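Dropping the structures in below, format is structure tokens.
You will see two complexes here that share subunit A, one where it goes with subunit B and one where it goes with subunit C.
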Partner chain A sequence: MTELIDQLSHFAQTIVQGKEPKTQITNCYANYSQNTAIEVYRNNYRGNLHDALAGAYPVIKLLVGDDFFRMLALKFIEHNPSRSANLHHYGAELPDFVASFEPAQALAYLSDTATLEWACHCAYFANDAPLFNLAQLAQFAPDQHPYLVFDLHPATRIVRSLYPISAIWLAHHPDAEVDFQIDLNSGSCIALVCRRFNKVEVINLSEPEAYWLHQILTETPLGGSTMTTLEHYPDFNLQTTLVKLVEMNVITGVKLGA
Partner chain B sequence: MEKNQILSVAISGLLALGLAGTANAADNKPEMEKCFGIAKAGMNDCSGSKSSHSCAGQASKNNDPMDFVAVPKGTCNKIANGSLTDGGGVVKKAM
Partner chain C sequence: MPASKYTFPCVAGIGLRAPHYREVLETLPELGWVEVHSENFFGGGAPLHTLRKVREHYPVSLHGVGMGLASATPLDEKHLSDLSQLCNDIQPVAVSEHLCWNAATGFVINDLLPFPYTREALDHVTRRVTQVQEKLKRQLLVENLSSYISFSQSEMTEGDFLAELTQRSGCGILFDVENLYVNVRNLGVDAEAFIKTIPADAVKEYHLAGFSERDGCLVDTHNHPVYNEVWDLYEHVLKHLGPRPTLIEWDTDIPALPELLNEAAKAQLIIEQCHD
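Then we have the complex of A and B:
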């Protein structure tokens, strides 16, 4: 058993890191030398992971161009072997990798944009949730309202950045205008990733909305969440926030908390 | 406003909008949710004619990607003030 593990580990190192094979690898194609066969295998391995990254990070690919993206991807693949049998799980560490990737240092917003893209990628594959039924909310009496706890759609993600990453993401949306004008100095943003009618959407949240939603995410009851938010942000408008989050399919259910 | 009143006003506001049929996602016909495991277009496609081209664009030799000068050439050029110097200061670029 140990021998098999050792052999598989050597084979993996040969493929992933390009090391010389330590043991003879049986090659069933007589026309190929062992080295050629390994190169073909390695390039398929890299090609598949590159394509998985390109599928998860289409905006990053457009931002930096195909050649740069390919180089970035190959460097990433070298240091990050696939750890799941599901290729959709591959690439979670790319935002951190981008942040430390020397050739991308000039593009300060790239790592945060990648974080947003990964959130969108995860949102796409997140579990389904039932649509919110307002009748469910209507059944509670006013004195029960402070104790209500909202269920949020599993696709919901919040990404903060010093840069206008939602505008960057939206500018690269297939339906977006080809010519966009974004000034990186236009300020920070809080991007809310959500999914409604099978489409991942990105909208901006205000600071009070994000503060409130963070508490709702941790299942703090409505009364406590709202009061704490109002203490910090007296301008917080609960009604518009509720309407927005129901419309965006972020709130999917409500129950009476313990 | 009293604490409970804030909540109740907001909730009745939401319900009123919902009853008017303008703000309730549930009022829209639920579209078919995607089948679990279906890939995004062009992604994770390991079957059919595409798989034989999975290494398209990958040279058959192991090429060092650092061999060519690494300069991003995509839409990042369109983002104003998008390039930082090594010192971290924002470089003003002509649009």
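Then we have the complex of A and C:
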């Protein structure tokens, strides 16, 4: 195996890190040079990763334009090799990269929008989960309710931002039907990413709802979650929050906690 | 004769890609079978839901681009388990991967890369194909690669390697005729020798596609109708190895569905002539 490892890793470095190819690769082709062949592989490598990023970040691409996106993607690819054979996993680090990417500094909302978009991308491919309705709570006696722990859909993500990123996403995602003006100074938002009827959706959460859902995400039982939330937000309404999250297919099951 | 959804019909099929999902499901064109890229359906949600609906109407073949059968790193267990889960869900008529590698220590190259055909590599790939087949509890089809370089350390041809691999592991062969043509033109591979080396019994499927050219090098881009030279080679291959389910692959600059179906109809005609 040692020989095979050596040969493949050198070839890999030739493609990814731009190393000079070793003469061990034969060079007796009638129609082109070895450099041409290596360039084909380098192009494939960059092209496949660029396309993966473009597939995962259509809103960012639309916001900055194809040429800027290409430049951004190629710089990102230089510093971030792929770690998965599944191209849908590529690009998780792009939001952080965008935040420190000098040419994008004027677009302060871009990094958070990218975080939201990555959450949507993951939600699209997340595993399926059972459907839930509130009537299922009836199987538990009222005195058990404080000890209930909710299962959340694997697509569920919360993204906070100082910018109205939900509105930006809603106006620019590939299936967006309306184009509307967004006031970038309209303030912060808490975006909830969820998936129902196999469609990824983004809605806004209020501070109390987000606070409560954070507790639930860490499997804190219903009683404790609700109590802590009410201590911070006396206006918190458990009933409407539950209805909203069940309707959005965020809650997918319930069990009695340990 | 309508084929069962669970047997691999010896007719032409198409590579089904996202731009055609809706049209295929709404119009249900007459079509022997479809093939999809396995990785696009890992997980759940809309992709898997769509594929389940497709499966209700057509035999489906799962074609992987990520297993990296020849990679010198350990086999990606998560990837294999995702594929296994998809197989259980979709009940495909065939499952295939490429004779290539894609991973080195610390990073993955999401491409189909060639390697030296050595005895050491043969032992290694045999072990990995066996591992995949044991997990999936079914035969894996392994596809010959289109390549832009060849290694001087190779101790045998790709044809020898595949023939030996099928014998040792019991895997089948997905014979990509366009890949062979690309290798003939790029690397001077002997097509006749390849066809003679491949055991006919092991061949379970053919692929056809178009290529492009970059500075004299043919690149397997799947962005063009099948070229006449490849049709000719396909006819020739069928005379020697017999007809098999045949797929039209088109992955870049994907045309309207009727054009893709028209390419499949051409392949179908050649299959039928071969049966006569």
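The definition used in the following text is that the second predicted complex is superposed on the first by the 237 of 258 C-alpha atoms of A that agree within 3 Å, B and C clash if a C-alpha of one lies under 4 Å from a C-alpha of the other, contacts with A are read in each partner's own complex, and residues count from 1 in each chain.
Throughout what follows, contacts are C-beta pairs under 8 Å (C-beta built on N, C-alpha and C of every residue); 3 or more make two chains touch, one makes a residue touch a chain.
Keep in mind it's a predicted model, so treat the numbers as computed, not measured.
Of the two partner chains placed around the shared chain by superposition, neither subunit B nor subunit C is touched by A:Leu152. In the superposition on chain A, contact is made by A:Ser84 with subunit C only, not with subunit B.
Contact with neither subunit B nor subunit C is seen for A:Ala114 once the two complexes are overlaid on the shared chain.
By the document's definition of touching, of the two partners only subunit B reaches A:Asp143; subunit C does not.
In the superposed model, A:Val16 makes contact with subunit C only, not with subunit B. Legend: residue contacts after superposition of the two complexes on their common chain; A:Asn198 is shown touching both subunit B and subunit C.
When the two complexes are overlaid on their common chain A, residue A:Asn48 makes contact with subunit B and with subunit C alike. Of the two partner chains placed by superposition, only subunit B is touched by A:Leu74; subunit C is not. In the superposed model, B is the one of subunit B and subunit C that contacts more residues of subunit A.
Looking at the shared chain after the overlay, A:Asn31 reaches subunit C, while subunit B stays out of its contact range. Taken together, the two complexes place residues 39-40, 43-44, 48, 52, 87-88, 124, 128, 198 of subunit A in contact with subunit B and also with subunit C.
Subunit A meets subunit C in the complex at residues 1, 3-5, 7-9, 11-13, 15-16, 24-26, 28-32, 34, 36-41, 43-45, 48-49, 52, 81-88, 90, 123-129, 155, 195, 198-199. The part of subunit C that touches subunit A in the complex is made up of residues 39-40, 42-49, 66-68, 70-72, 76, 79, 82, 101-111, 113, 115-116, 118, 120-121, 124, 148-153, 185-188, 214-217, 219.
Against subunit A, the residues of subunit B that register as touching in their complex are 3-4, 6-11, 13-15, 17-19, 23-26, 28, 30-34, 39-40, 42-44, 46, 54-62, 65-66, 68, 70-76, 78-86, 90.
On the side of subunit A, the complex with subunit B involves touching residues 18, 39-40, 42-44, 46-48, 50-52, 55-56, 61-71, 74-75, 87-88, 103-110, 124, 128, 131-134, 137-138, 140, 142-143, 145-146, 168, 171-172, 179-185, 196-198, 222-223, 226-227, 230, 238-239, 242-243, 246-249.
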